[in-house]
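In structure tokens below, several structures.
Note that chain A is present in both complexes that follow, paired respectively with chain B and with chain C.
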Partner chain A sequence: MPALRSTRIALLIYGLFVICLLYLPLISVGFASISRARYISFPIRRYSTQWYGEALQSGTVRDLLVTSLSVAVIVTICSVIIAFFGALAFARYEWRYRTVFQKLILLPIFFPQTVLGLALLMWFNALGIIPTWKTAVVAHLVWITPIATLIVAIRAYGFDSALEEAARDLGASTRTILREITLPLLMPGLVTAGLFAFLLSWGNFPLSLFTTGADSTLPEWLYAKMVSGYSPLVPTLGIMSVVASIFLIIISFAVIWLVQKSKALTQV
Partner chain B sequence: MQRLNNKLGLFSALPMLSILAIAFFAPLLVVAIFSSMPPKVFTLTHIPDFSAYSVFFQQGFYRSLLWSLGAAFISTVILLVVCWPLAFGMAKIFKSFTLVLTIAVVMSLFVSENIRLFGWVLTLMKGGLIEGHMRAWLGIGFDSPLYGVPVIVFGLVYAYLPFMLFPLAQGIATVPDDARQAAADLGASRWQIFAQIDVPLAAPGIVVGCLLCFVLSAGAVAESKILGGQAIITITDDIETAFTFGQDWPLGSALSVIFIAIVSVFALLAISVVDLDKIMGRKR
Partner chain C sequence: MTSEPLLRLQGVMKRYGDFTALHNIDLDIQEGEFFTIVGPSGSGKSTMIRLIVGMDEVTDGSIWLRGKRIDETPANLRPTCMVFQSLALFPHMSVGQNIEFPLKLRKIAHNQRRARALELLELLRLPPNCYAKRISQCSGGEQQRVALARALAFDPEILLFDEPLSSLDYRLRKTLEKELKDLHHRTGKTFVYITHSLEEAMVMSDRIAIMHNGRFEQIAVADEIYSRPVSRFVAEFMGEVNLFDVEYRDSVLTSSDLTIRPNNAAKADPADGKGQLMVRPEDVRFGKDTNDFDYVLFGQLMDEYILGSRIQYEVRTAAGKLVTVEKPREDRTQYEIGSEVILGFKATNTHFIPAD
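Entry: the complex of A and B
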């Protein structure tokens, strides 16, 4: 049943409108970040990049970036490793409790993150662990590894298990199969999962809020300044954080593209 | 072979399961135990008296619970209406635009939620992007819609749109075109096709999207704090206050337990409905 041309166009316009609405707040933040005034009011009369200069020189900002970056990098590495095995258990091996496992890992995704953060704070307290950015890594992992697992699982569903069985019939050990066949086949999924893990950790606020202790990540600091004690650096740092994410996405896509291109060349 | 599979499966699931055990189930257990402790203690070595639960009713915390659930319900209904045409377009009508839309929506999720909400404050405030420009160019100003209940619902709708859109599009994609064509050939009106073919066949996607949005927005706190100026106090807000300013961990835990109990009914329902093998394109 082909849709009418007018319906198609109406829906397309609607879709574009929704995309614009999704990004409209970022446009406001972008303009605010280059406004010269300490307190923003539109239309902006004088533009200046002074807040960017200040942000780049500030020691607080450097600390925030280092903390956020450390958390995100460790979360990315750990979650990719766990997700690799998790995805095999999720999608590949026909084991008895597979469906139970599939439902279990959805639980943290459905769970309100603020409450999870508080629960973790009490748990660390009961264990006698003083929260620092390292405990925030644990908190992020609870929520991000299931998502990374789902992403790798999509890839794991797509590949032919006959490849692994053939290798097994030819006498390859389980470890050899993992290294020589499964890992290379899942690689694109792992890269995507790593990208998601990094970005979600980088932008996460509700989990960090209660689990970083005296340390502070960038989103936490932004929130603190939005709720009380406004700083003109808020829009500036917000935009810098977004630009960093965009940069990472572009680099990842470029790497994936280059790898695929070089593969295509070697096969010829 | 089955034994090998069982062994490999369990072995590969182990890292994930340990994370869940150490950092998800254990903390929840601690919260449950803490909720039974007498007021304002910080260790688990007291005699349980469950007094925190009676405070829930005495001090009217059920009000914030009802606000949260109410706002979550309304925003879920709005999301369903707003997302349906778009999801339908993604599943049945758009071609390459589906990919554009998917990427655009996913990318927006990578921007910290509080930056996006702060952007809405700048957009909607008096002297903000919209009002400021309208006043400067057209000479008409208006009162800021910020700091009220409607804007909180708007914030929830905005923040959780992707969580409705994707399950819905997934659900609608499973409606066979043949069934819709056959109904049309037999003289069904658009409305009849919608009510008797699309909705029933896309039901799993609808259910998952609604429950996901309901659960997430019931636990949301940033919308009411940043956009709403705390025009309503959400239950998560109360929980947070009990832990931080209130310094009453048992009370905070009791509130969490009550909230988790209600929300998990919906979450578990959603989880039991999803067939992940099917959604994620399992071939065998």
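Entry: the complex of A and C
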């Protein structure tokens, strides 16, 4: 049944409203990043790209990026590996404490991140570990791995367990089943989980604030600059970070697409 | 049945916690046989083939293949193969890759694998261009054939089927039943087939086993099971049936449900006791005279159902029992619904089922 004309117009207006709400703040930050002024002020009188040039040359910015990137990459790799096995336990196998596990693994997500960060900091202190970006990796993992596990588990739920049984029946060993059946079928879930893990780690502030010690990630630095001594580099770095994230998403989709295409070709 | 069986189950038992899925099963299956196990859901038939292929472990008893004990061999090392109810085709592989999967595991060269896969496509009457198709691009019937081809590529000693046709529509199912029977002839393999559809079992099988509550009720050829069921369960499971409570006393049959003409009262049934007299609806006739029959019933015609080539009647007897009568369409009776009728049947068409 086609929708009424008035319904269609209402839906269109609602859709535009939501899009504005989501993207206007981002656009205003974008404008701020190309303002020449030292302070955020509207309307912008003179435009300039000088802060982008400075950001690219700044040693501080490079250190921030290296730290943030190291944390995010390690968190991504570790959380995806843990999530793969966690999701199998979560969704695929019947075992005694499965329901308990399913609830426990969700708990860290519901913990306020600031509280979680403080708790972890206290633990590190109690254990005599000096917080650096490496302890932040652990902190991020505590919060991000459950999310990655859930993402992979959703994929694992749609998985017919007869496929693994059929492979075994046809002569495959446990390792072969993992390599030929389980891993390829869960791959889309693993890529999505990796993407989420990276972006959540890259943009995380509350956990990093407590657990990086003397090191600083990009969100931490942005916050520090907002609180004490605003720098026009703030919107510039913010925009650069968003653009980099968008690139990452595009690249990962391109990789998935290429892999599927090459598979289709080898089959012919 | 003098030769050594291909497959032998000896006292096989399977328990899940307190629930016993299979009780002390003994079974011999001969080489080249098409053996079908029929039973309602939960009767233990799926459990049994899962034990044979090694998806589940027996609680007690042993399974032998060509005189070698296999129940402790892991599933991937047993020379058995199963076609799953869901078919379990690998969705991330093409048709060709699916069929070649067992060959690839045996490290057979690529071109040989391909040749074998194309051979199997032909055997199953699939066009060669199917080879490169994705599983999702295949129709239901094609997927069935691909699953069969993959199982045949494995070249098992015994091929097991877990209701693979149950999700298909009627016409396609009929076609595939015949193809499966034909395939059985051409390959000479031993097939063990599970279904809850009696019709499917009758079309294809050499022998049929009726399973109920984790036990075999009867194992025999289709006709034997149909005309001489050993129990009420089998009789009712094998299609429409009329059952009358009867009793043999000193080899004389008595019944409150039936009028029994004196000369036919005695039959050569061995034991005295209570039981049920079975007659299939197609053996019950309408008559004008009680002399036409050995057993007679008086009743009122309640309803008429047209079932394509056959017509079914429902008659309520004086004793209040509903009796089903079936006739070919061209023999449609002239009686009006609601009229009084005389029904009867011959002693040779009856079968006595002793009470348990």
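To be clear about the criterion, the second predicted complex is superposed on the first by the 254 of 268 C-alpha atoms of A that agree within 3 Å, B and C clash if a C-alpha of one lies under 4 Å from a C-alpha of the other, contacts with A are read in each partner's own complex, and residues count from 1 in each chain.
Here is the rule we use: a residue touches a chain if its C-beta (ideal position, glycine included) is under 8 Å from a C-beta of that chain, and two chains touch if they have at least 3 such contacts.
All of these numbers come straight from a predicted model, not from anything done at the bench.
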Have a look at chain B and chain C on chain A after the superposition and call it: clash or fit.
fit
In degrees, to the nearest 10, note the angle that opens at the C-alpha centre of chain A toward the centres of chain B and chain C.
90
Between chain B and chain C, whom does A:12 touch in the aligned arrangement: first, second, both, or neither?
first
Looking at A:98 after the superposition, I want to know if it touches chain B, chain C, both of them or none. Which is it: first, second, both, neither?
first
Scan A:203 for contacts with chain B and chain C and give back first, second, both or neither.
first
Quick one: is A:142 in contact with chain B, with chain C, with both, or with neither? Answer first, second, both or neither.
first
After the superposition on A, what does A:22 contact: first (chain B), second (chain C), both or neither?
first
Considering only touches as defined above, state whether A:88 meets chain B (first), chain C (second), both or neither.
first
If we overlay the two complexes on their shared chain A, which of chain B and chain C does A:222 touch? Say first, second, both or neither.
first
Winner on chain A touched-residue count between chain B and chain C: chain B
Between chain B (first) and chain C (second), which, if any, makes contact with A:254: first, second, both or neither?
neither
Minimum C-alpha distance between chain B and chain C after superposition, to be given in whole Å.
6
Pick out the shared contact residues on chain A: the ones touching chain B in one complex and chain C in the other.
none
Provide the residue numbers of chain B that touch chain A in the complex, in ascending order.
2, 5-17, 19-20, 22-24, 26-28, 30-31, 34, 42-44, 85-86, 88-89, 92-94, 97, 100-101, 104-105, 107-123, 127-129, 131-133, 136, 158, 161, 177, 180-181, 184, 212, 215-216, 218-222, 225-226, 236, 239-240, 243, 249, 252-253, 256, 259-260, 263, 267, 270-272, 274, 276-277, 280-284
Parts of chain C lying in touch with chain A, wherever the complex brings them together
53-55, 74-77, 80-82, 84-86, 88, 90-94, 96-97, 101-102, 105-106, 132, 134, 150, 154
Would you pull the chain A residues touching chain B in the complex into a rising list?
1, 3, 7-8, 11-12, 14-15, 18-19, 21-29, 31-32, 40-43, 81-83, 85-86, 88-91, 93-98, 101-108, 110-116, 118-123, 125-126, 138-139, 141-142, 145-146, 149-150, 153-154, 157-158, 161, 174, 199-200, 202-206, 210, 218-219, 222-223, 226-227, 234-235, 238, 241-242, 245, 249
Of chain A, residues touching chain C in the complex
160, 162-163, 165-173, 176, 180-181, 184-185, 263-264, 267-268
